[in-house]
């Protein structure tokens, strides 16, 4: 895998975004160009996959000095797990952009430019091998998100978006402090060159930033509003892709670069993750609307992924990566479906929905399939991920696995509640005959996503044994991916 | 005998090239002054603007040349000033800021009186600044300060038919003179305490040893910090800033926010590092405290502002705080950080005020967050630019200010003052709120709240202003990408000082 | 203490107290006209102190430039505007005044303490100076050699001030507010 | 010599006090002059003390600067008076917050 | 052989996918045929495997085949692996055989129902899942099949999507099963970390080396799954509610196949249970308790399907009992015969319900013997088999379990007594149902709604299935005649050799007592419901307890459901809103408030600006001199 592919994956959407903003495209072109570019990204990623050697370390590497006195550079490349996350990003972005194109958005040039900008920033984040570059992409994501939610969001968007950005900024700024302290101590900001740090404070700086971004309990104050008010495809990316940035950061930086602190703080973090898992599940159970359930379930899932990451063994790491990819796809699909439902009924309130399965087989099938996989029915990809995570964390103490297993029962409760409140029972007052089944375009967007999930259900090892070089997760982490 | 002595006085050699950065705009000012007196009324604006702009272009060229040709610092005119890369780089930034200001000011007062003098004063201010950054003794420092300050006092009040302009001018004048007087008394005390003349280098030579913690010297130092802190609008010496920034003509505000900061901070760095290395413990702590105060007051004060100029004024206070962090670090990384930071900061500040100026002209009313509404959609270029400047001010990539903060914080960490970084980080988090408020106004208001341009449609396109905004944007973002060349520049410039 | 020195001491005391008293008067008079007149007295007494400090040229300049030219301008403007009184000490002391006085007092004490601490050292010992010290020759030579640049800049500052004065003092044809900030 | 500096400090303080408590801009300008003169006295005293006439040169320059400040200040005050604005710094509070 | 096994497994999945993807592209009827065909293919493939295996030496009959590594992480490895051995072949035959019969029956039963295609897709998914369960070669795949059958059960119980009761029942079933899945998963984790493998053979190899605690915990966890899936106490309450689903579903999933998965599990994992003998005994005890409790509850049920459902619980209790005392062959034998006669009962009941336009309440039936004679006979066969009357299939299988219990020590003899009481109850409630439905006066409802049955009691697809099952219910038991002829036990011996062998005497004693007790029950039912010479004793508290099913639902509601709802609401009101979101709002407000205060200082008064400067200076100077 050539380094230019990595760079192209990052900068193709960014450049297209600039072009969209700068040139006076005809109204209908913006969406088409954006969708096309998003698909090209997917193609590029797929084409690069066969050339990726999953038994080796960093690939698709490119390095260019940025400023040498602090030893920062434009250094990008992919590991096994990051290539999957990048894949998740391009796939989910393509779906989101195509969905927006189909649904139609006001001021398309601005809108699609921002979406592409977001995509580029996230891919860059997963590829960055330099802390300053990583941070730059981490923060750059916020710009499009702020505007996308603030301009195209729902009625409560102002509060939602402001809370979201300020909260995440506050977290990530702590990380900036941590990065600088770490980078100056190591005399380089390069993730490959630098050694391990031993300062617990620096570690916590990173952890809090990622915990806010993910979010982990109790740093999720921004989550419900943001997920509810954003346009559905933006919520999809938020929960599907961007939340993974937090988990990725924990894996790539916090755990890898601070092995001692990670060990010292293992139990508190496991506690937070477990509490988040249960808490998110319980709140999802009482959420009154579709997006509320998905939002809180996302909180729970990120807690689960964190459990896996801090299990500290192969199963935990592999499972976490697998679960990141699977939850990303599922969450994207669910939010797009929620968007479809809201489009038809102009509400997501359970009290007003119901009975949508009748006469809408495609909607019912897709929502049912996605929901059932999302509640981790055994045999599904999500089950595989959760199984590995809990298997891994069992080694840290059976109680974690027991809590996790209990939370999965709760997951079944809230997800079935969602499914039946939307699809089953009596027809809700907001559901009219004008609410049609999914259109072919929507199917064209959603079916590939679901197909990916089902394919992963048939072969989860595709990711789980290809997440780390030679499927030696612990070894790779101990070697700091060098 | 007296006559004979007079004839025999050996006048010092004058290095005209070294002096060129302040002299060139001064010459242009002279030409423009003549023009604005003798040229016909209708041509005065164009004539003055073009002459002054050319002067600034030449100043850019000369300061670049001086930078290039001055790897080793040397004295100018009997060591009254220094010809070194620190000064040259600062002059370069000042020249750029002044040039962009001409573009911003072009449409400001087409039919007003004294339009020629307006540009003239801009040029004298710029040349005074250019001089002050190179000044190397207490007297030239003081004179340089007064030189550009007086120009600015007049510029602030130049809209004499506006009460607010006069108010801001008078406030600036009185508090400014007060600050100058304090600075002067501080100079006097330092002069008295060290007894070695006025040269900064000589002061350093004598201020060590048993004078290290001499009370008179320290009180003098406190007064100098106060006077310089006043100019860089650092808290608690900042209080003139919001009023003056708000009341002054917007292009003047733009110029002040960018260029005055450069001068004040570079001079602060030069004076402290050159003259008071022995008192480092004192002034680093003081500067750190001032930085913290500025960060706190600037950011908290900005939270509740509605007037955009005032908001940006508070933001400039907070950025003064950020830029004082590397000075407090007192290391060569700090020098680099400060000089790097100034470049994107100056550009962003100029650009933001430029957009405000454009909006102000369009609306014929002061720009508030409310009447900014919808500008992003109606004036795509200007609105987009203002949004980007706001993002850059927050320190979000890809604005150069992000790396400015990284460098500033690195300098503090390098000194071991991580707590200062934490303060900076918290301040940034607070600042997010009001910068986002600008963007919210630009793009996120409901249609009903949009403030459309007044009847008569959109004003004629102001190409000069747009060009200035575009140039500012380019600087802000290019400084993010091309860090190495800028850092090299800054490193060599900081090398002029003995850290 | 001989007569000459006593005389000098008396002159010093008188000048110093005149200086301080007139300074206080400037600050205290409610009528600006009187304040300005008091400032002239202040400047004149300062000139005496300058003379005592062997600064003949500065003293002369003080009287000519300051007390003469600058104060005439002041008086002219005051006369033009009419002497509007504002009584500084009318009414009870406000918190602002108290704060002002305490801040100023604190600073004063600080400087005096600093100087006093210093006084134990070298400040009491004066350097010996020759007859030319502070005379026009020496000052002129300094201005043309070491401080040539300062000299030139002083003229620039005055030029700038002149331009500014013209702009601000000139009659404006349009006085209706254009735009308020 | 100490006493000269004390007088200078006193003058400086009196001037500062004037700025702090007076409301008429004219008198504030006068008070600023007193502050500058206090500095000048200190400069000249130190010059005498060190036998270094540089201080006197500085004082002369300051005089010129003071004159320049006065010119601009008076110009402003005249401009304000012409606009029929009240000459009271406590009434100049349209810019605040 | 392995190819046939894979075909057997995947053919229903392919059918499900095809039906889903085709959407409206195929007719409803075609979907039914496709599903039936695919399950029939599975059956044929099972037969192929069976006959292939017959030709092999007994010791060579265990085959493991892997398609690909399903899940891998470090040391952990779970392949997409099938283990084909006599036990799984036996189960494959039962599942695909009964499955294809019942899917075929559905073509007639579901004719005209809305969204028939969805039904057949679900049915196909179920068959696939059940086959995955029984064929899987490792614990992870077993758990997958375990969960997937739960899913299919959920989908099919809630097939009637607009009925809230159906949806609620479906959710209940799924969630209780998810609980079982969770404990199973924990057991698998434990086994993996102690043995390093998850495939059966690997685990069994090492099970002896494990500590008693580990084995006990693992066995308990696995038992949790078995108990949930097989609706044994304490996780039994979902099964009666599951009768909200269509009747063929009840027959296939909630009688013949899925609910007996727990028994399969006990037998399949018998090395683990034999190592943890207390847990095995616990399973037997739970089975005995369930068979008793379910039998009692069945006495007061009025819904025909619920009566059968409780009888299912009760019969599975026998199987648990058998598996728990290590009489594996007998347990599996009963599993098979139960599949036949219980499916028969359900399908016959289905015909009754069908004929009465969906009515399930027995009080609205009565006297249907004339209208539905063949159904009556079918049901009679099923009832007799269920009651264990000679020589029907139930007799052979149930008695063999009871006889083994008699041979299994004191504990076994205790259970034996319970089993005998159960036999009596079985006769009683079965024939209570039969007599109420088919004898006596026709109810008003029945008179009004009964279809004209002159030209047959149902479509061919239904009647033929019932006939086939009736036949099997009669002869199915003859495959193994206690003490004389036991090919089934021999077949399974290589996988699960039983630990108890009842003597011929014990067999005889058991048979005599059990049959007479069964007949006694029937006789009592006759007296009460036909002759009406004996009145039902009225004991109010007992009746209420039975009608409330021993208050299990109420207890769980109180212990789990309400607390969960309450906790989630309280968390929202007490943590989420005030603390998590509230803290943000509070921080924002207070920071803004501080900002407002800051700007109050910015008063516009020039003199205060100078004062601030002066103050700052004074502070700075004082500090400098103080700290010099």
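Going in written order, the chains are labelled A, B, C, D and E, and every chain counts its residues from 1.
Note that in this section contacts are C-beta pairs under 8 Å (C-beta built on N, C-alpha and C of every residue); 3 or more make two chains touch, one makes a residue touch a chain.
A quick note: this is a predicted structure, and the numbers were derived from the prediction, not measured.
Listed by label, the chains touching chain A and chain D alike are B, E. Any chain touching chain C that also touches chain D appears here: B, E.
Averaging the CA coordinates per chain and comparing them to the mean over all protein CA atoms picks out A as nearest.
Just to note, of A-B and A-E, the chains joined by more C-beta pairs in contact are A-E. One simple way to say how far apart two chains are is to compare their mean CA positions; for chain D and chain E this gives 96 Å.
Note on chain placement: the centre of chain B and the centre of chain C lie 30 Å apart, centres being C-alpha means.
Inter-chain centre distance (chain B to chain D, centres taken as mean C-alpha positions): 25 Å. Mean C-alpha position of chain B lies 78 Å from that of chain E.
In chain E, the residues that reach two or more other chains under the touch definition are 588, 599, 602, 604-608, 610-611, 614-615, 617, 621, 625.
Counting partner chains per residue, chain A has residues 166 touching two or more of them. Residue positions of chain D touching 2 or more other chains, listed in rising order: 5, 12, 15-16, 19-21, 23, 29, 45, 49-50, 52, 54, 57-58, 61, 65, 68-69, 72, 75-77, 79, 83, 89, 92, 94-97. Under the contact rule defined at the top, the touching pairs of chains are A-B, A-E, B-C, B-D, B-E, C-D, C-E, D-E. The part of chain C that touches chain E in the complex is made up of residues 96, 99-100, 103-104, 106-107, 110-111, 113-114.
Residues 1-7, 9-18, 20-24, 26-27, 29-31, 33-34, 37, 40-41, 44-45, 47-54, 56-61, 63-72, 74-79, 81-83, 87-88, 95 of chain D touch chain C in their complex. Every residue of chain E that touches chain A in the complex is listed here, in rising order: 20, 23-24, 68-76, 114-115, 118, 129, 132, 140, 143-148, 150-151, 154-155, 158, 161-164, 167, 170-171, 174-175, 178-179, 181-183, 185-186, 188-190, 192-193, 564-565, 567-569, 571-572, 575-576, 579-581, 583-584, 588.
Listing the residues of chain B that touch chain C in their complex gives 2, 5-6, 9-12, 26, 33, 76-81, 112-114, 117, 120-121, 124, 128, 131, 139-140, 143-144, 146-147, 150-151, 153-154, 157-165, 169, 189, 192-193, 195, 214-216, 218-219, 246-247, 307, 309, 360, 364-366. Every residue of chain E that touches chain B in the complex is listed here, in rising order: 588, 591-592, 594-596, 598-599, 601-602, 604, 606, 608-610, 612-613, 615-617, 620-621, 623-625, 627-628.
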